[in-house]
Amino acid sequence: MPVSDPLTHSPSGKRRARGLGLPLSGCPGPLNAITDVPGVTVGLTTLSDDAAPSIRTGVTAVLPRPHADLLSPVWAGCFTMNGNGEMTGTHWIGEAGWFTGPVTLTNTLSLGVAHHATNRWMVDHFRPRLEEKGLWLLPVAAETYDGWLNDIYGQHVTEAHVLAAIDGAVSGPIPEGSVGGGTGMICYEFKGGTGTASRRVTVAGQEVTVGVLVQANHGLRPWLTVCGQPVGADLPGKTVWTRETGSIIAVIATDAPLLPIQLQRLARRAALGIGRGGTPSGNNSGDIFLAFSTANNPGPLPEPRRLNLEAIGNDRLDALFMAVVESVDEAVLNAMLAAESCTGHKGRHVAALDGERLATLVRR
Amino acid sequence: MPVSDPLTHSPSGKRRARGLGLPLSGCPGPLNAITDVPGVTVGLTTLSDDAAPSIRTGVTAVLPRPHADLLSPVWAGCFTMNGNGEMTGTHWIGEAGWFTGPVTLTNTLSLGVAHHATNRWMVDHFRPRLEEKGLWLLPVAAETYDGWLNDIYGQHVTEAHVLAAIDGAVSGPIPEGSVGGGTGMICYEFKGGTGTASRRVTVAGQEVTVGVLVQANHGLRPWLTVCGQPVGADLPGKTVWTRETGSIIAVIATDAPLLPIQLQRLARRAALGIGRGGTPSGNNSGDIFLAFSTANNPGPLPEPRRLNLEAIGNDRLDALFMAVVESVDEAVLNAMLAAESCTGHKGRHVAALDGERLATLVRR
Amino acid sequence: MPVSDPLTHSPSGKRRARGLGLPLSGCPGPLNAITDVPGVTVGLTTLSDDAAPSIRTGVTAVLPRPHADLLSPVWAGCFTMNGNGEMTGTHWIGEAGWFTGPVTLTNTLSLGVAHHATNRWMVDHFRPRLEEKGLWLLPVAAETYDGWLNDIYGQHVTEAHVLAAIDGAVSGPIPEGSVGGGTGMICYEFKGGTGTASRRVTVAGQEVTVGVLVQANHGLRPWLTVCGQPVGADLPGKTVWTRETGSIIAVIATDAPLLPIQLQRLARRAALGIGRGGTPSGNNSGDIFLAFSTANNPGPLPEPRRLNLEAIGNDRLDALFMAVVESVDEAVLNAMLAAESCTGHKGRHVAALDGERLATLVRR
Amino acid sequence: MPVSDPLTHSPSGKRRARGLGLPLSGCPGPLNAITDVPGVTVGLTTLSDDAAPSIRTGVTAVLPRPHADLLSPVWAGCFTMNGNGEMTGTHWIGEAGWFTGPVTLTNTLSLGVAHHATNRWMVDHFRPRLEEKGLWLLPVAAETYDGWLNDIYGQHVTEAHVLAAIDGAVSGPIPEGSVGGGTGMICYEFKGGTGTASRRVTVAGQEVTVGVLVQANHGLRPWLTVCGQPVGADLPGKTVWTRETGSIIAVIATDAPLLPIQLQRLARRAALGIGRGGTPSGNNSGDIFLAFSTANNPGPLPEPRRLNLEAIGNDRLDALFMAVVESVDEAVLNAMLAAESCTGHKGRHVAALDGERLATLVRR
């Protein structure tokens, strides 16, 4: 397990869940990341400076297509397991089954800026066609609450931060933990943040990839379950809060050709993935999931007169469903394992999960 | 306008809305009926005998494909504008976007028999394949309440009645009014029942048909609006009830190639169609709508490994949406205009709407 | 009909639908406005200067409670008739049945700023309690597209504009037409914008008010139907677009005590209201509706340990349903009738609907 | 652990999950059954005779109120995790938030009979009031597929069988496993069937009970996970099928006072409960969940003019959510542990799960 293997180590060098030898099932892609889905890129703007520790926040951008092709919709579906959160763009995803442009993740009070700046980015890059065709966009921006470690009421994320995340999106291994929109996140009362994982499966004779990126900010320590082991009770730490105060956003990408109604089904399976971690999807959590497919590219907007969609038959989807469940579960683990202990707003401290100790507990 | 023109006259000889010269918009198909959609057939079992006037009920069967091809699903979508009613099969339609087999419409307390008998019919006709492949079916059965004119608590519809409706399904002009499941229905406090209408439109370079069949049993007289005219107040009659006590089921068929998510959109437009008649979709009404497309036939179950769907682009759907709105509105009118005054259970009487008088009021 | 009667005239002096004697049914409140619901206020920021005609946009703020009580949730429900648009906050409204704070309406590309500024306003006014309790908000911001008359890609709405709309919210008569978020709107190819109407009804022994505010930006001229008359064809004018390119947002307020699930039902009836105007709810339209009740005030957040809700029985809701249908329909008319002809971005011109001519057509 | 302790042993004497000492969390009620919720009763009709082994089916009736009070609605909510199945009554539950009368569970092709007979039972017991008030009912009937062990196409369940289940509903310990609607069920390729469990929790100062009854018929052996242990791979057995071919229905009862929108939230948590068992909610599974509360009894239909609902604040619901997750998971285990190996239709055999062996595997 060389540190340079993205399957087992985050770019920071910290061990991922597979680097700890946790008994995870399924076969990940080479990066074990959402970027295993061809064409999908991720950009991160991190606002975290120990000299000004009140600001612990950022922006994550997930680009479903290469920058130059971002005016081409991707087929998509959503599911809200618990709606104490926000994801924009879902009215149209529910109606037509697609969205266009980058997906951004940030903190709860910066969602507006993320939405605004995403529109800005799209106008800056596609204005002639937008004007000529009279197009508008309905950006997908989502959020989780980082107000314990971050001065969230200060609304420190700016348009420039969002544009930088979009501009900086790249393929390859993805930094995890306290980066991007996940910078100030807390998960099962440990430091949480950005996490990713993937699965390769063969369905209906075709090898396809499912990649997941989460912004993990949910759960109470006593609930924490890893690979089926209720480890939370044996991982003591300072109580951060006595009641669920977080959220989890999951973005699921695939190159499997699927109908929008099938992508809704994939999004729904993310609920089972987070459930494996022990959460009952608490009242204060925004557990909102997006699934998209890069297949069946209809070309740049406006929508063509006629559509032709290829899709995997419903009867073959179980392997994809399981891939979503497993990837979401593992991405949450990866977020926690890559995160660093953090002291933030008002001197509040959240400790990182100790991966070695976790591995020992799981193995016992 | 020869009586034999199905556009203007019901098979019984009564004038339909177009036979009265009402100012209806849009271009219907040759039959102005759901059977204008190639392959769609309708069967009716009517239980109505003046010698035993307590029984005023029946069954309507809409077959989306020819009898021999009923194991091939049709792509579909549903919408519940007001859920005081029942339509089975909708969990699966919402999940996979298709259903298989006949659609049956009957009275509220006979829905179970309709469901049971539809399973029976499918087993009787496709047992070897069902057994070999381990298949089950999730029949679409829907209902409206005819308990004012019919001894509904007597549950007089039998399995044989339902099988006869399915077996008897034919193409061509459809009897309207007090027939089939619509036998005991009441609409805007006039005699209601079964009605149908259709539209032909050209979308994305393709001529397609939208056909609608309703079981119209909703509304209060003061609400009744025809071609925009609030005629209800000027059509006095005996009060049947003081509060909405009905329902309307609409079945929308089309040969336009559409994704399931698009068929949900068509189903939703039926709400606007019934709204034109004046109803606010009252609390006691089950206003439940089903839309299906005969295009993109995947062949008999089980579902194939891979799907290929052609579809009209979303940006071209407005003509189809308007076709649904207009057809639903006109089908309700046709149901009322074809219905005959009826004395039923406990000597209760409901008068038919006087078409000539209605036409005069609309023209004033 | 004195010009000073808010029932019949907009504050600008233009005749409203009732001022033109159109045959509208139902009994409005004294202002015939959403502000007839006690405690509800409206603020408008209008960006429209003939010296810089490229900017025709603005912000409308609807405050469900007095400024000082805006941390107390209102019970609410939503419905998306056609989701080509955005309304934030709906995941939580669907989950818990309430939202907190102002509702803002603006143009499609300024929704982010409206969301951001609403958070800002809430933090500025309630920061101690938000911090102490660790609260976040999920603002309700909605939009319609004004890119034909407005340089929408310029994103000219600022945080200050949104704050001014919220700060400026008042009770009393509401300016209509080309004001606030409705400044650059187009409705049935006439100048559209902000409109309002109300109804008073007695349900279950209680007199209650339903008030509606719309941002009307939808429809094609040939579809336009007023009081049942298909007047669009007889109101010639320059073609603005050949395909639906708008949206309509409706905000429904009531003081009737209702459960969240019942407020979803009210929101759904707005679809029937817009349908009366002739639209089939076109593909390019964001027809998204919000209903809230000021009754059963649970007090400022956080939510209390136990809730006690009084509600009208479902069986009595038809009068409220009809009130919604009628108010939405009339509010759209009022928006068009109050709007002034406008020359905007790139010299494009949209004419106002001629009220006298309309009245003549409806009366013929 | 005396055999007579219903917490640890099924009435048949077989050990339940707690009788095997599995490390289950939470505090069950005294019966560890849905009947721990005061007033809730269960009736079972089992069709299983080794002399005629082709018939392995039955009916389960869950009565949310005592027989004499079955015309009083219960507040309710539903969730469909995967809709390859049927549960009737859900349109109205989604609309008004309540249902009336017994809930019945049976096989897929007998759902119609269950629906029909439930109407029959209600008419037989409440006809005068139904007639006087002009009432209809929308029974809740649900199903799972038992066609591997049972001659399902024979439709062997009769009206009398359903009436007997309803009539026979009692409080107290509930037989589990191959009884009632669960008679022919298969779960993770072991014999499945009827299972139950409960939790007592204190929320907002009130001690309340959550009780669950499942008809467990889902899952593939390799997926099976018990108390976090992936035991499926170590419990070899004959392959029953290579693809998910089942379903699970969960009925969740509580005496906690909850709004309908909150009961939808409880129903949604059942998905996390089944997820703990290892299933990704496969395509061929009807995973449909119903939650109801016996509190806030509005009295017999028709609905009163005004409603008064007490409810637990949303912020206190996490304990109830967790109670649902745990109870559903445990009820599935109890179903499998109580079931007996069975030879049925066409000589097909399904082995029961060996509880002792399972316990050893979980403890390792």
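In this document, chain identifiers A, B, C and D correspond to the written order of the chains, with residue numbering beginning at 1 in each.
Following the convention adopted for this analysis, contacts are C-beta pairs under 8 Å (C-beta built on N, C-alpha and C of every residue); 3 or more make two chains touch, one makes a residue touch a chain.
Worth saying up front: this structure is predicted, and the values here are computed from it rather than measured.
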| item | value |
| --- | --- |
| Which of C-D and B-D has more C-beta pairs touching across its chains | B-D |
| Most remote chain, CA-based centroid, reference being chain D | C |
| Interchain centroid distance [CA atoms averaged], chain C/chain D, Å | 45 |
| Chain B and chain D: spacing of chain centres that average the CA atoms, whole Å | 34 |
| Chain B, residues touching no fewer than two other chains | 82, 95-96, 265, 283, 314-316 |
| In the complex, chain C residues that touch chain B | 23, 25, 81-82, 223, 225, 227-230, 243-244, 265, 268-269, 271-272, 275-276, 279-284, 314-318, 321-322, 324-325 |
| Residues on chain A engaged by chain B in the complex (per definition of touch) | 95-97, 204-205, 259-261, 265, 302-316 |
| Touch list for chain A against partner chain C, complex | 80, 82-96, 108-120, 123, 127, 130-131, 134, 136-139, 141, 145, 147-148, 152-153, 155, 241, 245, 283, 286, 288 |
